[in-house]
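The next part holds the structures, each set out as structure tokens.
Common to both upcoming complexes is chain A, partnered first by chain B, then by chain C.
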Partner chain A sequence: MRLPRRALLQGAAALGLGCRPRAAPPGRQLVRLWYTYGGKNRLVLEQLVAGFNAAQAEHWVQPVFQGDYYEGLAKLRTALAAGAAPALSHVVGEVIPYLAEAGVLEPLATRPGVDQLDLLPALGQAGTWRGGGQRPLVCLPFNRSTPIAFYDADVFEREGIAPPESWQALLEAARWLSTTDASGARRYGFACPIDWWFWAALVGQAGGELIEADGRISLGGVAGIKALELWQRMVNEDRSMKPPPGRDYNAWEATNQDFLAGRSVMIWTSTAFVRYLEDNARFNVRAAKLPGFVRRAVPTGGTHWILLRAAPEPEKAGAWQFLRYLHEPAQVARWATSTGYIPTTQSAVRRLTEAGHYAEHPNDAVALAQLDVAQPWPWSPRLFQLQREIIQPRLEAAVLGRQSPRAVMQDAVRLAQREP
Partner chain B sequence: MKLLSPRRPTDPYLLLLPTLLILGCFFFYPLLAAGKLSLYSWDLLTPPRFVGLDNYRALWSEGLLLHSLELTLVFSLGVVTASTILGLALALLLNRPGRLAAFARASIFSAYIVSWVSVALLWLWILDADGGALNAALQRLGLPGWRWLSDPRLALPSLAAVTVWKLAGYAMILYLAGLQDVPAHLLEAAALDGAGRWQRFRHVTWPLLRPTTAFVTSTGAIASFQVFDVVRVMTQGGPMDHTNVLVYAIYEQIFLNLRVGRASALVVVFFLVLLGLTLWQLRLWLRREGAEGQSPPA
Partner chain C sequence: MPLRWPRRLGLVGLALPWLLPYAWMVSTSFKTLPELVAAPSAPLPSGLNLDAYAAVFEAMPVGAYLLNTTLMALAIGLLQLALALPAGYALSKLSFRGRGLAFGLVVATLLIPAQVRFVPVFTLLAEVRLTNTMTALVLPFAVSALGTFLIRQALLSVPPQLIEAARLDGAGELTIIYRLLPPLLRPSLVAAFLFSFVYHWNDYFWPLVMTTDDSVRTLPLGVALLREQGTGVRWHIVMAGNVLLSLPALLLFALTQRQLIHAAAGKAAGR
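And then the complex of A and B:
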């Protein structure tokens, strides 16, 4: 049977149309948005996009899911190299200095209405990085978080203990709460991903900085070693902390699942999981600030919105309008209450406070209050490399491989100072 | 014979052209590009910087090259050996009529048609150290549980076992086909000559299964060298890089560490290793063919 030529052409055209991104409605400027949220966050973001598209008739934001944070970043770099970058995306804070120094981010300071954004100081560029306020504005916060402790309040009450305020109290509580039942199943007092973010929190609590004020990479010095020693002791000596299997966000997910299943009584994870844990636990979930050692400290995390310089100006203008819409109190509040991320503007916090949200959700109030001890990151294009190549692989070596924390950190500092 | 001769001498090359184009676009060009990029330091954002053999030196001095290569070879050797032996054993056991045998064959083969990600997720639950089915079963028997995926000594063997579980059904089906091609009269003749079951297998069945074995081991080697999904889902190269096999290391370098040059250097090494193994296999094959050709008729 011979296929008519017209049928073949129609088939090819249909195939081509199927592959082509959906265009904006007539008369509207298409704004491509690449995002890396899954699950509930994705749903809420898509609702916010739909709200923006319905609220005005000039722009049309088209959200495209790009995998997790790292996959999204890899695709963004590939698109930049291919000259096909979207106007708007969001990336983890650790790569912002790297992207800014590479000159791919659009400066935002001259965009209309930028002065009206009443960002929470700790979450904006000025508070996220040391000296971030003196640099050209290149990012805006949206899904921002900090590490936080969640615990099974029923078990804590039954055992008569309070959330730990110090490392010593953490050691004692984790030991006390760890048990093994008759079948040999272990319940751990504490669980935490062996991850850069939580290690950075411990370094801050032990009084260290990753990069000193003079630019020298120290990776916390003695504080970096003390952080590893704490984990090593809890995992290997006390057997009171469960290191979850897997790496990166797989380990985070495993930590959450262990907590929900009652295999660990207290975990460190992101504030962003508050709604998820509250909704899925069969016990009372309570949040607590992370303990201190020589001081209280937490790093901030999550992602920041960026405009890509290479995108056409009309599309960037539309993306900026969308960002302004997202930073209106109603949208910030909706995003924060639906997901668990910390609201990023003062007006949204006021709105939520007045509406009684924090009285009704005390765990959200803990996350917000902890911003008082948020530690800024160093502004370094190598921050991402320090995370991925220098620190992350060595955390496992020290904690699971039982290598000497001092030797591991000395090796890390040597490599970090040597390698460009 | 005249019908098979090309009308024009260029005709065979024209017929090969589509294949050549596909290979050129999707194999030779990317390979050459990887070779070139392996000599540069490039993050896709800033201009590439020529660094000569520095990427290879860095991979060598940091130990990643040898480590990943060693892991991949050990993994592949373990998977190919175990899946071949298990596949053969299952085929011998289930090469019989009856509903039960048919059900068992279908059940075992079903693992092969399930996607790698589904298999990895299933085994992630089975091998979980604290809530997993395997440790629960061991504890019921009074045996201690193990950290199958987070103990550096056990993680790679655990992933290999999962891969064997998936591939063994495929090997079994191929061996079943091979067994059904073994002429019954040869086995009967051997039995009449007084050969026992083991001798019949050793001297009749096994030699006739040699082409099947070659196919099973070759496809097993290809699958095990390309292992990625189970690593990505179950261990992400950890713990302590003990499952950071070559393909995952390439992924990690380019997609997580943003190093195009080093990832390309790993691609080149990976290609050379596979090329070496293929040439070695080809040489063995040709030597065997030659030896068989020269052997006197029985």
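And then the complex of A and C:
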């Protein structure tokens, strides 16, 4: 075989290709935006970016996909360490306190026009975290959602059942709706991903807090145990709840598929799935608020915009202009109606109401109304660790492995109370 | 000798765990979303619906991603061969103190996954402003422990007299490494190249970490763009992307399978 000289030359050429990152058009400030979702959300975001780039001639936002939420976050942390972070990104709420305490987030309070942002209280920093309003503003809400119940309204009507308002009603409805046909196929009354977010909802409904007012990590105390007991009873004793296979978002998708295929009659999932479920179900999909135990409560979820302090000021200024553009009512409304996420500003809600959106889409109105019982998260740099390392890995083992909820939660609290 | 039918059946049965997921992927790519929702596990689509493929081409610059992926995988594969040949030669045909230890170290690096070293490598490349370049995708993989191992093992079956004779004829070491040995090692070289090519063709993690805009993005990242997070997955579109991603690698395998089987059978000298 001859020395593959031509191939080596081609390889060398390949090494040189693409060495120059795409630049902004002449005279415009490049603003790097790292985002973390594909599919429809990505298309809508890119349309909004294109709208901004066309609407002004000073800045040029360049959106770049960085994997899913957690891959994007890992990359952002690496880029921060390497001094290569972009000016603008969005991250899950659970990690904001950690990033803020690490000093990598740009304070936003002095940016021009910040006072004009009429955020929905439950979705902004002030409502998302306990004491969030007293801290320097470091994030703005983007794709925000809460857990919500969706049910097959046709089956509910046929069976004469109303959406459950309490845990007891949930237990009874799920049992009533669970059937096994002649072929042995099981239809479950209820399905829900065994996931931190829904566990946090149950903890809130049972009156618990993950971190007490004095800073002690309790993971809900008795409420955390009651949440696991409810799931265990529904899955193992009543066989009225289907635990979906898979982890993280795979389990969420399996929950949706089961619901759409009629294998479960009622599910808990994210408000963001409303359009997907409505468009693809062959039955009437209705939304309902989650039931209560000692109170009604839902956590909020999704991501928040952040500016990275280390980015050059001109780029951060451009990023801020883009955020202001995104928070104009037209853009907020477009994002919400195209994706299913909750609109984040009061002016956008007014705009949608006046346009008859909520009359036409009553399920969206349920999601909005449920914000009245949204519970703030504790502001803790360890929140993300509690989610990913302490709680999430134990939930499935506890529910499916029939471990003692008390023992599981005691173990979790013991680990959580250790210094990180 | 032709295989008897029970043996053939057995082989087909063994192949099914690999073939069925692929067949399901192809089948799903031709379905519509309502079909998928109604019966996600139905084996066949109702028709050859190409909407999902159209959606893939609409969602990403398939041609540009394909070109980037091809250039990256080719460059890595060729560089690995170019460097694994002298390394394998030294570890198998030259006598020097510490040769065994050097070989052990090469093999030990097989145990270190890319995820472990991505932070320091990213930091290093960021220092010299090489992130988001083809260099960042290629350079960290230019040296392959697996390639070195395969070529070293293949070289063990090359008679030392052959190399000695070449030296007596006046051939230098580089001539021996790059002119005399490659024809003898063809199956192993093809195998090493293919292992590398397919691995890097499919690699999602490293290009995701090292690239920060679309100019050097690869096809697996493009396929990940098709995945929804939060609004419901359109699996048929994701599967269409996966079919497109896998086709070139399958084609390459089909063209070179004879060499691969030779290498796997240990016919390193191509006889």
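Please note the rule applied: the second predicted complex is superposed on the first by the 400 of 420 C-alpha atoms of A that agree within 3 Å, B and C clash if a C-alpha of one lies under 4 Å from a C-alpha of the other, contacts with A are read in each partner's own complex, and residues count from 1 in each chain.
Note that in this section a contact is a pair of C-beta atoms (placed from the backbone, for glycine too) under 8 Å apart; a residue touches a chain by one contact, two chains touch by 3 or more.
Computed from a prediction, not measured in an experiment: that's the story for all the values here.
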**Prompt:** On chain A, which partner touches more residues: chain B or chain C?
**Reply:** C
**Message:** Just checking: does A:78 make contact with chain B only, chain C only, both, or neither of them? Give me first, second, both or neither.
**Reply:** both
**Prompt:** A:39 contacts which: chain B (first), chain C (second), both, neither?
**Reply:** second
**Prompt:** Is A:330 in contact with chain B, with chain C, with both, or with neither (first, second, both, neither)?
**Reply:** neither
**Message:** Quick one: is A:369 in contact with chain B, with chain C, with both, or with neither? Answer first, second, both or neither.
**Reply:** neither
**Prompt:** When the two structures are overlaid on chain A, which partner does A:355 contact: first (chain B), second (chain C), both, or neither?
**Reply:** neither
**Request:** Examine A:261 and indicate which partner it touches, taking first as chain B and second as chain C; both and neither are also allowed.
**Result:** both
**chain B versus chain C as contact partner of A:245, first or second or both or neither** = first
**Message:** If we overlay the two complexes on their shared chain A, which of chain B and chain C does A:294 touch? Say first, second, both or neither.
**Reply:** neither
**Doubly contacted residues of chain A, that is, touched by chain B and again by chain C** = 71, 78, 81, 261
**Message:** Which stretch or stretches of chain A touch chain B in the complex?
**Reply:** 70-71, 73-74, 77-78, 80-81, 99, 102, 104, 183-186, 242-248, 250, 258, 261, 263, 384-385, 388-389, 393, 396-397, 400-401
**Fill in**
chain A contacts chain C in the complex at 1-4, 7-8, 10-11, 14-22, 32, 34, 36-43, 62, 64-69, 71, 75, 78-79, 81-84, 86, 143, 145, 249, 253, 256-257, 260-261, 270, 272-273, 275-277, 280-282, 302, 339-341
**Message:** Which stretch or stretches of chain B touch chain A in the complex?
**Reply:** 43-46, 128-131, 136, 139-140, 144-145, 147, 149-150, 152, 233-241, 254-258
**Request:** Could you pull out which chain C residues touch chain A in their complex?
**Result:** 33-34, 37-40, 59, 68, 71-72, 74-75, 78-79, 82, 118-119, 122-123, 126-127, 131-135, 138-139, 178-179, 182-183, 186, 189, 208-209, 212-216, 221, 224-234, 237
